[in-house]
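To keep things clear, I will list the structure first and then write my remarks on it.
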Amino acid sequence: MDKTIQTTAEAVAQIPDGATVMIGGFGGSGAPIELIHALIDQGAKHLTVVNNNAGNGHVGLAALIEQGRVDKLICSFPRSADPSVFVESYWAGKIKLDIVPQGTLAERIRAGGAGIPAFYTPTAFGTDVAKGKPVEVFEGRSYVQERWLKADFALIKADLGDPHGNLTYRMAARNFNPIMATAAMTTIAQVSQLVGLGAIDPERVITPGIFVAGLTEVPNPAQEEELNWAEAIYP
Amino acid sequence: MDKTIQTTAEAVAQIPDGATVMIGGFGGSGAPIELIHALIDQGAKHLTVVNNNAGNGHVGLAALIEQGRVDKLICSFPRSADPSVFVESYWAGKIKLDIVPQGTLAERIRAGGAGIPAFYTPTAFGTDVAKGKPVEVFEGRSYVQERWLKADFALIKADLGDPHGNLTYRMAARNFNPIMATAAMTTIAQVSQLVGLGAIDPERVITPGIFVAGLTEVPNPAQEEELNWAEAIYP
Amino acid sequence: MIDITDIKLSNAQIAWRAAQDIDDGAYVNLGIGFPEMVARFQAEGKQAIFHTENGVLDFGEAPKPGEEDWDLINAGKKAVTLRPGTSFFHHADSFAMVRGGHLDVAILGAYQVAQNGDLANWSTGKSGIPAVGGAMDLVQSAKRVAVVTDHVTKNGAPKLVDACTLPLTGVGCVTRIYSSLAVIDVDVAGFVLREKISAISTDELQSLTGAPLHANGPVQKLICPKVLA
Amino acid sequence: MIDITDIKLSNAQIAWRAAQDIDDGAYVNLGIGFPEMVARFQAEGKQAIFHTENGVLDFGEAPKPGEEDWDLINAGKKAVTLRPGTSFFHHADSFAMVRGGHLDVAILGAYQVAQNGDLANWSTGKSGIPAVGGAMDLVQSAKRVAVVTDHVTKNGAPKLVDACTLPLTGVGCVTRIYSSLAVIDVDVAGFVLREKISAISTDELQSLTGAPLHANGPVQKLICPKVLA
C-alpha cells in the first residue's frame, strides 16, 4: 500500500462541483496553499468550504473565493489583514456565510470524524448563534445541541508524511488539520517532507494513516503571510 | 510553579472517603500500580472507581478491591487472567458494577474533560446496555444519548513528566490515561522519569500540564503482569 | 441429525477463509480470541493494517516468548510488536476511529447471529458477570462486520437463528458469517448461502440453521487448505 | 457630563491592573488586541501560563522583527515564541481545554457588559460582517471571565449597561470589569464597585454607568503606575 500521489494536480483531481471541502489551517499557519491553488487550476465550482477564516489577500482560500468557486463558507472568523476578497463577494451576494463559534466548529468537525451525530455545548447559549437550535438542561445548566460536520474532501497541510499516510504537523500549524482529516470521506494531505515507512516515531504520529486517502510532497511550501507581503495574486 | 510531589503517599493524601477516582490503564499497561498501592496505604474507602477493567491477581486495582475500599466500579470489561478478587466481591454483593461499552466509556470521559454534558452514539442502540437512555434519530439512524463522566481524582501513569505537569506516555500505555487526566478535578500522575522544564519536545507532549495537579516520580514502575507471575499480593 | 464432527472446518480454516476476503491495505479489527487467528492467514501479497481498541494501529505479530513488552499489547492483553507504520493514540481517539466508520472490517465471534443481522456475543444471560469491552462499538460502526463461528453450539443448537435469545451486542450489524460449514451473507432477505463445504447437503445445512437459508446466485464450494498451523 | 479624557487610565494601565489579579501559574487566555497587553504586566515573581485557541499552551512573547515563524502564532495571528514547557495540540483539544473549564481566567474586550454579567463583544449589529472566533466558547467556560475596557464609548455612552442592546457573546458570564475608571465586580446584586480612580467621584462614575453601582464593603483607590510602555 502506497498512498503517495505525485502531483498536487493529481491529488485534487477527483473533487467535483458542489463538493463540501474542509481546508485546514488557522490564518496562514497550516494552510495547504499549494493544494488550494491546484484546486483553483482544477476548476471545481459551487463548493462549500469549511475553514476557520475566509482568506487573506489574493492567495489560497481568498484566491479560491475570488475565482467565484465558493458558494458557501462555514467559518468562525471571516476577518484577516486583508479580507477584501471575501468582503466583496459577501456584499455582492456571491457567497453565503455560516458563522460558527470556533470551539463549536472544532467540536462539530471532531464529532463528524468520531461518529457523534450531535452533542451539547454551553457555547453560544442565549445568543443569536444558537437561535433555533435545541436546548437542553443538564445538572441545572442550559446547553445547545450542535450537530456533526462532515465533508466530501479535506485538504490539509502536514509536516512529515509516510506512504501509509501517517502524519506529523509543525507547531501551531497543527490546528484544524488533524480533526478535518477525520471528518472527510477523502482526505488529501500535502506534506513538506515525504519519509519512508517507519521513519516517523510511532509516538509522534498525530494523524494515523487510516484517516488519509492520499498525500503529496510539497517541499518548502508557501506561507500565506509571505505571499501577501509580496502582494502575490493567484493564479 | 512546580507541581512535583515527593512521594506517592503525599500524592494521594487528599483523596477522601467516598471519592470518585478514575484509574488509568488497560489491563496492566499504563496502570499506576504505585499510586494505587499508596491509596491502599492511605485508607480511603467507599470509593467509586472508573477503570476499563476490574483488576488482575492481588495487586493494583484488584488489591484495592480486595481491601474492601471500592463500593462501585464503572468499567467495560471486568475479566482478566485472574479476576477472582472482583468476582468474589461481586457475588458477595460487596461491589456494584456499572458496565459501559469501552468506546462509550472513553467518550464519556473525554466529554467530562471537554465540557460536553451529553452526546449521541450508535453504540449499544437496541441492547440492554442502552435501556432507559434517551434515543434520538439523526439522518434516519437511531442513537443513544450518553452523559459525561467526571471524577474527583484521576490517578494516571505517564512516562516523562516535567515540573509543569506536561506528560508523555509509553506506547499502548497511553490508553485511558490522557483522557482521564482531563476529566478529574484533581489529576495525579506517577511518571517513570521526571525531567526538567523544556526537556520534553513540545510536539511530543500528550497531556499538557494544565490537566495535571501534581506528579511524582516512580522510577522503574512495577508492571502488573510481572507482579502476578510472581504471585505478589498487596499489601 | 447429521454429525458434523469430522467434516466441519477447524477454527484455523474458518479464519483462513475470512482472511481471504480482506483487501490489501484494509483497516481491520479482530475480536479477542478466535478472531485474532485471522491475522495469520492473510492472502499472498495482501497486508491488512490491524487496529486494536487500546490505541495501536498497524501492530505486528506476537513477539518471541521472553521478548514481550507489556506496554505494547492488544485488546486481548497479549503482547504484540511494532511495525514500520505503527502509531499510538489514546482511547477516545481509538474509538473515534471505530465509531467514525473508519475501519473497513471488524471480525468477531458470536453466540448467536439472527437473520436480521442482530449479533449476540457478550453475555450468556443471567449467570456470569457481564463484560462487553469494545464489541458494541465495533459492530455498530465498522464498514463491514463479519462473524467467525462454529455453525452450531457444543450442544448442537443453531447459532444462526431466527431471532437472538441472548442479550444483543448490536442490531442489524452482521453482514457475513464464516461458519464451520458455510459462508453466509446477511442481507434484507435474511441468511443468503454463498458457500458450503461439499460434505454437507443444503438440506442438512438448513437442518443445522435456525432460520431459512436463501439462495441468490450459485452456491460455491467452500474449500480451505486442509492443514493449517 | 464630566470630561474624563485627562483622568482616565490608559489601556496599558487597565491591562496592568488586570494583570495584578492573575496568580502565579494561572492558565490564562487573553483576547485578541487590547487584552493581549495584559501579558506584559505580570506581577513580580508571578508567571501565568498563556493559552491560545489555535493550539498552544505556555507560549512566550513576540519574537524580534524578522525572527517570526509563521507556524508559531497566537489567535490574533501574531508570531509568538517557544518557552520551556510549551505544548501543541489540535483545535478540538484546544477547545476541550476551554469548554472543560480548565482555564483559570479569560480576559476579553467588550462593547457592552450588562449588570447581569451578559457580554456583547462580537458584533455591532446589522452592519458589518459577523466574526465570532473563540469568544463564545471562552466566556461560557473559563473559571473567571474578566473584561478590560474603556468605561464609556468614544461617544460617551455607557459600556456598562442595564441590559445589552448589541448581540450577546455570552449570558451571565462576566464577573469583573477593569475599566478606564474603576474596577467593578458583577455578582447577583449587579455592578459592585470595588475600586475607582481618585479623580472621579462615585456620583460622577455613576453618571457614566448605565446601571446602579452597588457598594459592598469599602471602595479602594484604583492606583496604577503612571507611565507604562
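Letters A, B, C and D mark the chains in the order given here, with residues in each chain numbered from 1 onward.
Methods note: a contact is a pair of C-beta atoms (placed from the backbone, for glycine too) under 8 Å apart; a residue touches a chain by one contact, two chains touch by 3 or more.
What you see is a predicted model, and the numbers here were worked out from it, not measured in a lab.
Minimum number of contact steps separating subunit C from subunit D: 2. Common neighbours of subunit A and subunit C, by the contact definition above: B. Taking the CA centroid of subunit C as reference, the farthest chain centroid is that of D. The centroid of the Cα atoms in subunit A and the matching centroid in subunit D are 30 Å apart. The geometric centre of subunit B is 37 Å away from that of subunit D, both derived from CA atoms. Contact of a single residue of subunit B with at least two other chains is seen at positions 107, 110, 114-116, 121-122, 169, 171, 202-203. The multi-chain contact residues of subunit C, meaning those touching 2 or more other chains, are 88-89, 95-96, 98-99, 141. All chain pairs that count as touching, in label order, are A-B, A-C, A-D, B-C, B-D.
Interface of subunit A with subunit C (complex): residues 1, 110, 112-116, 162, 164, 166, 182, 196-198, 202-203, 205, 208-211.
Of all residues in subunit B, only 107, 111, 114-122, 136, 138-139, 141, 143, 147, 168-169, 171, 202-204 touch subunit A in the complex they form.
Contact residues on subunit A toward subunit D in their complex (touch as defined above): 26-30, 52, 76-81, 83, 86-87, 90, 97, 99-107, 109-110, 121-129, 169-179, 206, 223-226. On subunit C, the positions that touch subunit A within their shared complex are 24-25, 27, 47, 49, 51, 57-58, 82-89, 95-103, 141.
Remark: subunit C residues 52-56, 69-73, 77, 88-92, 94-96, 98-99, 118, 123, 129-137, 140-141, 167-171 touch subunit B in the complex.
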